[in-house]
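Sharing a structure, written as structure tokens. Questions coming.
The first chain written gets the first letter, and so on, giving A, B, C, D and E; residue counts start at 1 in each chain.
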């Protein structure tokens, strides 16, 4: 009874095309945002359970938000445009390192041309966004093969980007400002004079980024470009024959997706890690993002969040539970068990719902609508 | 969670018993855990303050390491006493956080080489040796084998390294040394985790360097030894860093490893008086964390030494702050004022494993001594005297790099002259 | 010249060793359209089962040859059980789902296999010595130092060759082979003509498991059986796509190309740009091949029809 | 028309059971756990008969056939109620492969040829369950080529590249290769040239008469279907709304008007349907 | 039956040949389509009808021959150009975008008419929103016209075959084409649905003046709807003319229709 559309008449198409056409969804989202923007920071500032220690904020919520953002980016490419990519980690790295370079000042001596390009250190916000743009640029470049290569072949080919950039950031000392170990430190997080320092501030920063980008991304995928992407995903030949240019559709998907992933990469480096090395953006990260998107639901912004939560948090929980319960198991056994259970959970979930959490949620909604009747 | 008693000192253990580096991570973690256990079982803690330890699995992955740190840093009545990440990557990621949280980070024989400078890195303690010390010691040994420091001139020395911050750390020092002594230095990277090294070794076979320094970890070490054998590169011209000189690094290669050498982080394998205690108080009670046969292996011993230094730092700090659980900041004082004489080391049962150590504000490394050992097919044999790394070479580099860090991070270096 | 030959030969050989792992991928993909992420974990499992059984048997006084035979039998049994479990509980229920879902499910399988294998058999490094690992030096009269050829590589190449020949014949010439290809095309239609998919998948996963066991004997001898063996999967991927996801001989061809290409690049190009390039070079090579032939060298044409 | 159908257990005695090759008893099918598609469908196919299953788009014909050949679970569908007996055996307990072995094969709608196999390989997969030797299979292969000469011309081509009609013939031929006792034909005439359609129905009749093969025929070409079938069922919105002998159905006024397009006894022109009023539905 | 008023030729095919390996799908086929007419193409299975459409809208490139569309002659079309030039089509094997709702599928057909770029779409505000609403209006008209209001938001993969065909027609109509190519639009439909479909086709042809090329195997439909019929067999055009002429043609009877129809 709670979840019914009855009585909500739409009198204009614009209403039907709103982000959440159903009132209950809007209310739910409002509550969620309220909790995220006001509730959590309040609890955390006053160290009220479960935010007694910074753990929840630092080690769970912060990475969750950033990875959810990256998952949205990945979802645009993989879920909406159907271009399977295992290079997301690389684009995070590009975002992070470009933002780092821009934030610490760029100096390119072009000796043979007789001059040098010098850019003074940019403000953090600009560096992060430009880092995203740099990732978008590289994304377009590495998206070009997608015009010819499809499906799993493309997936493996995107690994070329992954390994190539891993190597570049490891090997080209210019990117790390010649740090001997190749590990670099983020510049101070100064936003127009306000320095972001504490976990709560960091959390709010990431939350803002994620919320804004998620809404904009949702706009995009609901609009014409989003439909072009999905058309390419579902049947590229037919799409071409109705006037969608694969070149434009695929490359915009690569660009938008890489931009978001790049911004997420910059946030991961600047806000979460603070100090990082290329390994922070390894193939494992790419795979992790792909898992999030598949488990969350391909082609669903909402699903990206759920997927990110599942892939990130469930292993941690599984790892925590035995210690918290005081079960006397060695860390080794706990970790092995964690693997086994996590793997089984993934399989179970997929068998229950091959299209991930997003579909699960929509089926639940459909059931709610019919409730109390089964069909 | 089990109720924590108020008179307990919490110590986290970041370990990796799974994943690609488990082979080396597990014995180390066993040594650490067993020693803490020993302190509790034999002495009832440190001056009556029991040690409460919790292990967290990092799989040698930086982000998991950060998560573990966050999970454990404020447990126990006073929070973590200190933290041993056992990974250079995690060390880099935690350096800033630990400074903010005021928890010392002990990186014995690894971590950032520039953190020797305690004036900038107030909370980092690369005890017993950094990679720059290691590099210098290795070159000293090469010179000794060649018959004199002047014989280095014109020689070829290659560095086969794990392509990560860990493997890259020694490069600047080796470049300095190459310039100074006039040998030709070639760094050769091996991609993580190092299962494939054929091209590297084919190149080595052609290039015929006089020595190959191995800066590997995990599977990379044993693979290097095997590949060396495959291209018939003499194993006794290979010198591993102290992380490339344990049993798991040579046993998979079997007889092919005979002759392979490595640095020692002071101690080697073998049993010392403290091991008798471990066997008596820990293993006899069935509380050991590994098979008794593995007690006394290189990495096990290193874990013990690491744990012991931490315990002694707490003990030292208790002298100043009282016999109660201490905060990280207090333990840091203990670490910075740690001064273990030979006599004290003997008392602790570590005689023969360690030389005396003295840590200060300006020198968070304490000592930079090392020896060289060689694998004879069954065990490691010590084949050299003690070397001490040359501070006059290392310090300028430390000052330079740590100065840059301080400037980046807007850290006002402490004035060590004023610190007690 | 001598060095070039040596690198070339060494590269070709180590490429064939990758092919051993790539073969497992091809088998499963060919028979079900599933990209089996768990192949690396299966190599680990097979290797651990084998080496632990061997250790145990030898410790109990079995003669070496008997221990080897029994050990291999034990490992094969473990792989059969794994194949059955995977078919029964994971892939079977997911029949007719799209490729990404199936791919994801094999990732779940990977986690389970890695956890279980290490939990049951231990996570240490276990030396395995089934093949000789020393080297021949050929043509010492022609080139200074001769040309080095590793005996293990030769063994590996030999075994891979036999496997590929056998499997290729099986797929091309038997009714089951045809049925496998039909299943990969359309699960539901295959069901409808009465192809027993469960049984077929069990067989294929079993064969893939046995191929993993073979790979484990060779790679285990090379590296020692340990967790890092799972990383071979990443080395096998470029091999796989150069050859074509559906081609068994392609796995060998891809292996040769990747092996030779990456080793030559690393040795001759690497030093001038900093080294460590072979990982990405293999993938860039693969990318280049795909740009010319999007289905890999020997893969089935991707059908574009409307 | 027969009387009202309720869910009385159909198989009253053994003799009747033997006479029925297939009986579907009041089944309900749900997709995705929420979408109810079949709402109590019952039908039966007497041994050696051709039974037509008619109905508009989305009425549930395909779903019914898939339920019979046990292919639903792969599409996340489920028979939640009722039972299906093939040759007296509960279908649920059989795998699709068992069913084919027992002689019940389905020709799926939508030209699902194995795209990467050649036409001939496609046909041969149809014989997968057979154990009667290579020569018998080769003989049947020739028979199929005789039925569809166009396939013989294209035998070596990759099925994915053949024309729509060729694929359809290929799929039908593939089913014939298994020498079934009962064939579930889902829209066999779709996309085939009129001549071939006639031929297909001739083949159906031929097999039925000479080899006693039973057919359940879901078909939009009502005209043809009722001409060849002995019985017909009309499905509407997941329910059987009318059934009976083919001849009776064909002479029913409603059927005539809505399915056969004859008004009076002249065929309506498609040009003139412009202002044609939408018809009533039997059931909502 | 009213023939189109003009004799203006919209599309002219000259000597088109197309082969795949050994298969000669089209051999020297020439014919034209006049503006405003319904032009049927029939022929036995594998005759090359679909291939012909593929050549017209640029998915296949002929080996020889020329295509003149709206007065411009070229040897081959590019799919995108064909679409922009006003050629839309439906497909023999339904080629809908399976993961999208019926509404989105039809909206996707409006791609070429969308003016606002990426940044506006991100904001989805002001002019961008207004444009989107405007397109939605047009699409709703089509939905009304095709009587598929009820399935607007249903993912097309769930729809029965017949409705999928209708949605596909909707998508083609959304492009507001000058030339509409229909490949067996009525396959798999029962009589009533065929009648509906016929009604749509006639309406589109009459009201919007859209020229239609129609491939269909139901002779009754073809004969009733089309103004002119071209017959292909084995890639060769064997007859061309009004329905009545074609119906009586002996070659057509032999190759295609079989027994008198």
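In this text, a contact is a pair of C-beta atoms (placed from the backbone, for glycine too) under 8 Å apart; a residue touches a chain by one contact, two chains touch by 3 or more.
Owing to the predicted nature of the structure, the values given are computational and were not obtained by experimental measurement.
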*asked:* Strictly by the touch rule at the top, which chains does chain C share as contacts with chain D?
replied: A, E
*Centre-to-centre on C-alpha atoms, which chain is most distant from chain C?*
E
*asked:* Going by the touch criterion at the top, tell me which pair is linked by more C-beta contacts: A-D or A-B.
replied: A-B
_Can you compute the centre-to-centre distance for chain A and chain C, using the mean CA position of each chain? Integer Å is fine._
32
*Can you give the whole-Å distance between the Cα centres of chain D and chain E?*
29
*Rounded to the nearest whole Å, what is the centre-to-centre distance of chain C and chain E, using the mean of the C-alpha atoms as each centre?*
48
*Please compute the C-alpha centroid of chain B, do the same for chain C, then give the distance between them in whole Å.*
37
*Enumerate the residues of chain A that touch no fewer than two other chains.*
170-171, 237-238, 241, 332, 335-336, 339, 354
*Multi-chain contacts in chain D: which residues touch at least two other chains?*
35, 161
*Which chain B residues touch at least two other chains?*
17-18, 26, 163, 189
*Every touching chain pair, please?*
A-B, A-C, A-D, A-E, B-C, C-D, C-E, D-E
*chain A touches which residues of chain C in the complex?*
35, 89-90, 93-94, 97-101, 103-105, 107-116, 118-119, 123, 234, 237-238, 240-241, 245, 273-277, 279-280, 283-284, 286-287, 290-291, 294-296, 302, 304, 306
_Complex interface listing, chain A residues touching chain B_ = 53-55, 58-59, 63, 104, 170-171, 180-183, 185, 187-188, 272-277, 279-280, 282, 284, 316, 319-320, 323-324, 326, 330-332, 334-336, 339
_Residue numbers of chain E touching chain D in their complex, please._
1, 20, 23, 43-47, 50-51, 92-93, 158-163, 184, 187-196, 198-199, 202-203, 217-221, 224-225, 256-259, 261
*In the complex, chain D residues that touch chain C*: 69, 71, 74-75, 95-97, 99-101, 105-108, 112-117, 121-122, 124-126, 128-129, 158, 160-161, 171, 174-175, 178
*Of all residues in chain A, those that touch chain C in their complex*: 78, 84, 145, 148-153, 156-157, 159-160, 162-164, 166-167, 170-172, 237-238, 241, 283, 287, 291, 294-295, 298, 332-333, 335-340, 342-347, 350-351, 354-355
